[in-house]
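Working notes for the structure below.
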Amino acid sequence: MVVQFLDIAIGGLLTGGIYALIAVGFGLQYGVARVLNIAHGEFIMLGAYCTWTLFTSVGVTPLVSMLFCAPFFFAIGFVIYRIYYTPLRKSSESPAVFEGNSMLASFGLLFVVQNLALITWGSPVKGYSYLAFPIQLSGAVFSANRIVTLIASVFLGSAFYVFLLRTRIGKAIRAAAQDPGAAELMGVRINRVLALCFGFGVMMAALGGLLLSMTSIMLSPVMGMQYTLIAIIVVVLGGLGNIKGSFIGGFILGLVGYIVSSSQPGLSMVAYYVIFLILLLVRPTGLLGK
Amino acid sequence: MKSSMGKWFSPVILIVLLLLLVALPAYVPSEYTVILITNILMYVVLTLSWAIFSGPTGYISLAPAAFFGVGVYASAILSSDLPLPIVAPIGGAASFVLAYLVGSLTLRLRGMYFTMFTFGLVELVRNSLHWWEVNITGTVGRLIIAADNTTVFYAMVATFLAVLFASYLIRRSKFGLALRSIGESEEAAAHSGVNVNRVKVVMFAVSAFFMGATGATMSMRWTYIDPTLAFSIQYSFMPVLMAIFGGMGHLYAPVTGATIFSLLEEFLTTKFPYYYMLLFGLTMLVVILFMPYGLEGVIEKWRKKIKTGLRDGHETT
Amino acid sequence: MKLLEVAGLNKHFGGLAACTNVDFHVEQGEILGLIGPNGAGKTTIFNLISGALTPDSGAIAFKGRDIAGLKPHEITRMGIGRTFQSVKIFSKMSVFEHVLLGHHFGKAKPLKKKEAKEEAEGVLEFVELLKMKDSRAMDLILANQKRLEVARALATEPELLLLDEVMAGLNPTEVAQAMELAKRIRERGITILMIEHVMKAIMSICDRIIVLHHGEKIAEGVPENISKNKTVIEVYLGE
């Protein structure tokens, strides 16, 4: 009985950790930078593919790849925001118009990134094996790589949380999330902060993808969308703009996904959607939202 | 002088074009052209349908692929027993019901939640159908009793005329006014007596009807379908791109945008399979940033400039 | 006859009490003024009456019928029209279309197309906007946009018209014109409840005045008495 419970709990956590990470990234992009980035999942996919390439061609292990991927994808996100979303924000008549436009633009970005991946890596699925040996935890058996991803996502999430709380940039981000106008008046360079947030968002997506690729799943250029949806649902579940909420929501959803997958594989997305629906009906502000 | 000529021009040209369209299979040399025009009509209908609701209200739906796919599946299930003229409306009706449900639940919320939900709808339906086929039906995918190209062509022409007519009527009716007022200020619209939720949900469902009918019709060109083929996010992206590129003010705008991009797709898809979608994605980015009112915006600006140029001595306030 | 009766009306947002135990009524045919410092809860009351908000407790009766909790479009069709503090016009729609919308949707019994058109023009003539009927709303000056809001509300054939700071932002000439318009609306038999800060207007055209402060009613009476009321003076001077 206890073994079953632990199995479920840990299994859920393993998936949930990655969900939480990608949700935090998405939340930064939507909550602060005000971009509903439906291409988010594509960067997750890119992170996974980059890791695969680094591992299979150059032999760099995923955990080491992080040191490259993190700054690389951060830079990509930062640059994309600077050269595209910043001018779009300036030319949009109102924040509401910008929200709509930036979402549509992300839709375009989705196809750009997805097809770049298709061109670069082709459509057949890929995968690699790393740290795939089993580990026993209280009677239940898990793959070592999954445990490593859990540790990694918790570490990354906490590191970011501390970053937000303690550093100057972190405080600027929190100010911009609360009230961009006021933050600007207080000297926060809004354009820079928003671009940073978008960069962090892409970075977390890529790191999430990196961790995902470690769990021996099959990579395909079209795998991104479902993760975008998961990120959306987790963010709504946890409450918009709430990092703790995204973490809690991520783990809850991971748990649900694990439980549903064990009994009915292929229905986890449906389960997530049911949760989404209930949320929208009953409490759109989420568990921890205002 | 010019404007009264203009009023004469449009209906006559339209009727001539429509007659040409209807008689197409008779004078065209190859099947290929018939198939091409059918494809163009498919995108035109999807784009016009999308524009019926999302154009005036500003609620951006990313669900066309879901409604299209529902139509495709309805057709797959019924095509062996019923003829196309019956299957198409049934496909439309199924999409209508789905849209009505989704709309009732999500249109009461902020636009972004609606968009998020519609984005995932495609995946949701695809996943559910796939699970159903694996676990309950036992076979993934279905064979379709295909119809010949000319039948499908005429079905698409009929659907096109229907959605064109519907768009025209809605725009000129009080519901067109209501839709636009909702897009500008829901609160003011409600206080002017508009039952905002009901109008939104019904119009969303109406637009879905035509998408479903299109899916049901087009599926007759495929011999085999499965959830992945039927529910592809591309069928959500293309109408949106075409409407954004073309514009949504006058009826000619989405039709023009759809025609241009279907032709582009037709031309590029064989030569540059992934590159053309890449190009389309980039086009979306460019249009959003540099052409917020689409091609129509550019055209209308020109027309205004020409008009004020001709009225040289006149002051307008 | 009491056209509108409000009893024990309460509404709070989080910790803020926007409206506490408010009682008042509006007599048919009168122009009732609703004044008070900013934040006093005036627009909240309008929102509660028009259906934009639901009260936490209390009753709102219009022509004897309880309307608390009904949706805005239902209340509009019953005969209450309103304008908004920050003008909510349909920027890209024409002046004529605004009024047409009100006609088609806001009336208890909508008219056929041709008669609707004639009536709409009639309303525009009444508010003196007929010449601009094809102009886009966003191209109008503020004073005319406010008239347009009034026209849109009038198109729904209201018996009670809620005017929310319809004179804010207008120059003295425009204020005088607005006052004229209010009087002509009353002459047509429409009862008016108006929120206003322009004291001259309130004092001269209102039959009675209600004063709110921090969500509570602190005074009620004819303009002469209100202007001499010690509490009211304190409240206004104290701000």
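A, B and C are the chain letters, set down in written order, and residue numbers restart from 1 in every chain.
What we mean here is this: a contact is a pair of C-beta atoms (placed from the backbone, for glycine too) under 8 Å apart; a residue touches a chain by one contact, two chains touch by 3 or more.
Quick caveat: nothing in here was measured; it's all calculated off a predicted structure.
Chemist: Report the chain whose mean Cα position is at the greatest distance from that of subunit A.
Modeler: So the chain farthest away from subunit A turns out to be C.
Chemist: Which chain would you call central, comparing Cα centres to the global Cα centre?
Modeler: B
Chemist: Where the CA atoms of subunit A average out and where those of subunit B average out, how many Å apart are those spots?
Modeler: 32
Chemist: Let me have the rounded angstrom distance from the C-alpha centre of subunit B over to the C-alpha centre of subunit C, please.
Modeler: Using C-alpha averages as centres, the distance is 42 Å.
Chemist: What is the distance in Å between the mean C-alpha positions of subunit A and subunit C?
Modeler: A distance of 48 Å separates the two centres.
Chemist: If a residue has to touch 2 or more other chains to count, which residues of subunit C qualify?
Modeler: Residues of subunit C touching two or more partner chains: there are none.
Chemist: Along subunit A, where are the residues that touch subunit B in the complex?
Modeler: These residues of subunit A touch subunit B: 36, 38, 84, 87-88, 91, 99-101, 103-105, 107-116, 118-119, 225-226, 228-229, 232-233, 236, 264, 266-267, 269-270, 273, 276-277, 280-281, 284.
Chemist: So in the complex, which bits of subunit B are touching subunit C?
Modeler: 174, 177-178, 180-181, 184-185, 187-196
Chemist: Can you name the residues of subunit C that touch subunit B in the complex?
Modeler: Going by the criterion above, the answer is residues 50-52, 71-73, 76-77, 81-82, 84, 88-93, 97, 100-102, 104-107, 152-153, 155-156.
Chemist: With touch defined as at the start, can you tell me which subunit B residues reach subunit A in the complex?
Modeler: Residues in contact with subunit A: 58, 60, 62, 105-106, 109-113, 115-117, 119-120, 123-124, 127-128, 130-131, 134-135, 233, 237, 240-241, 244, 274-275, 277-278, 280-285, 288-289, 292.
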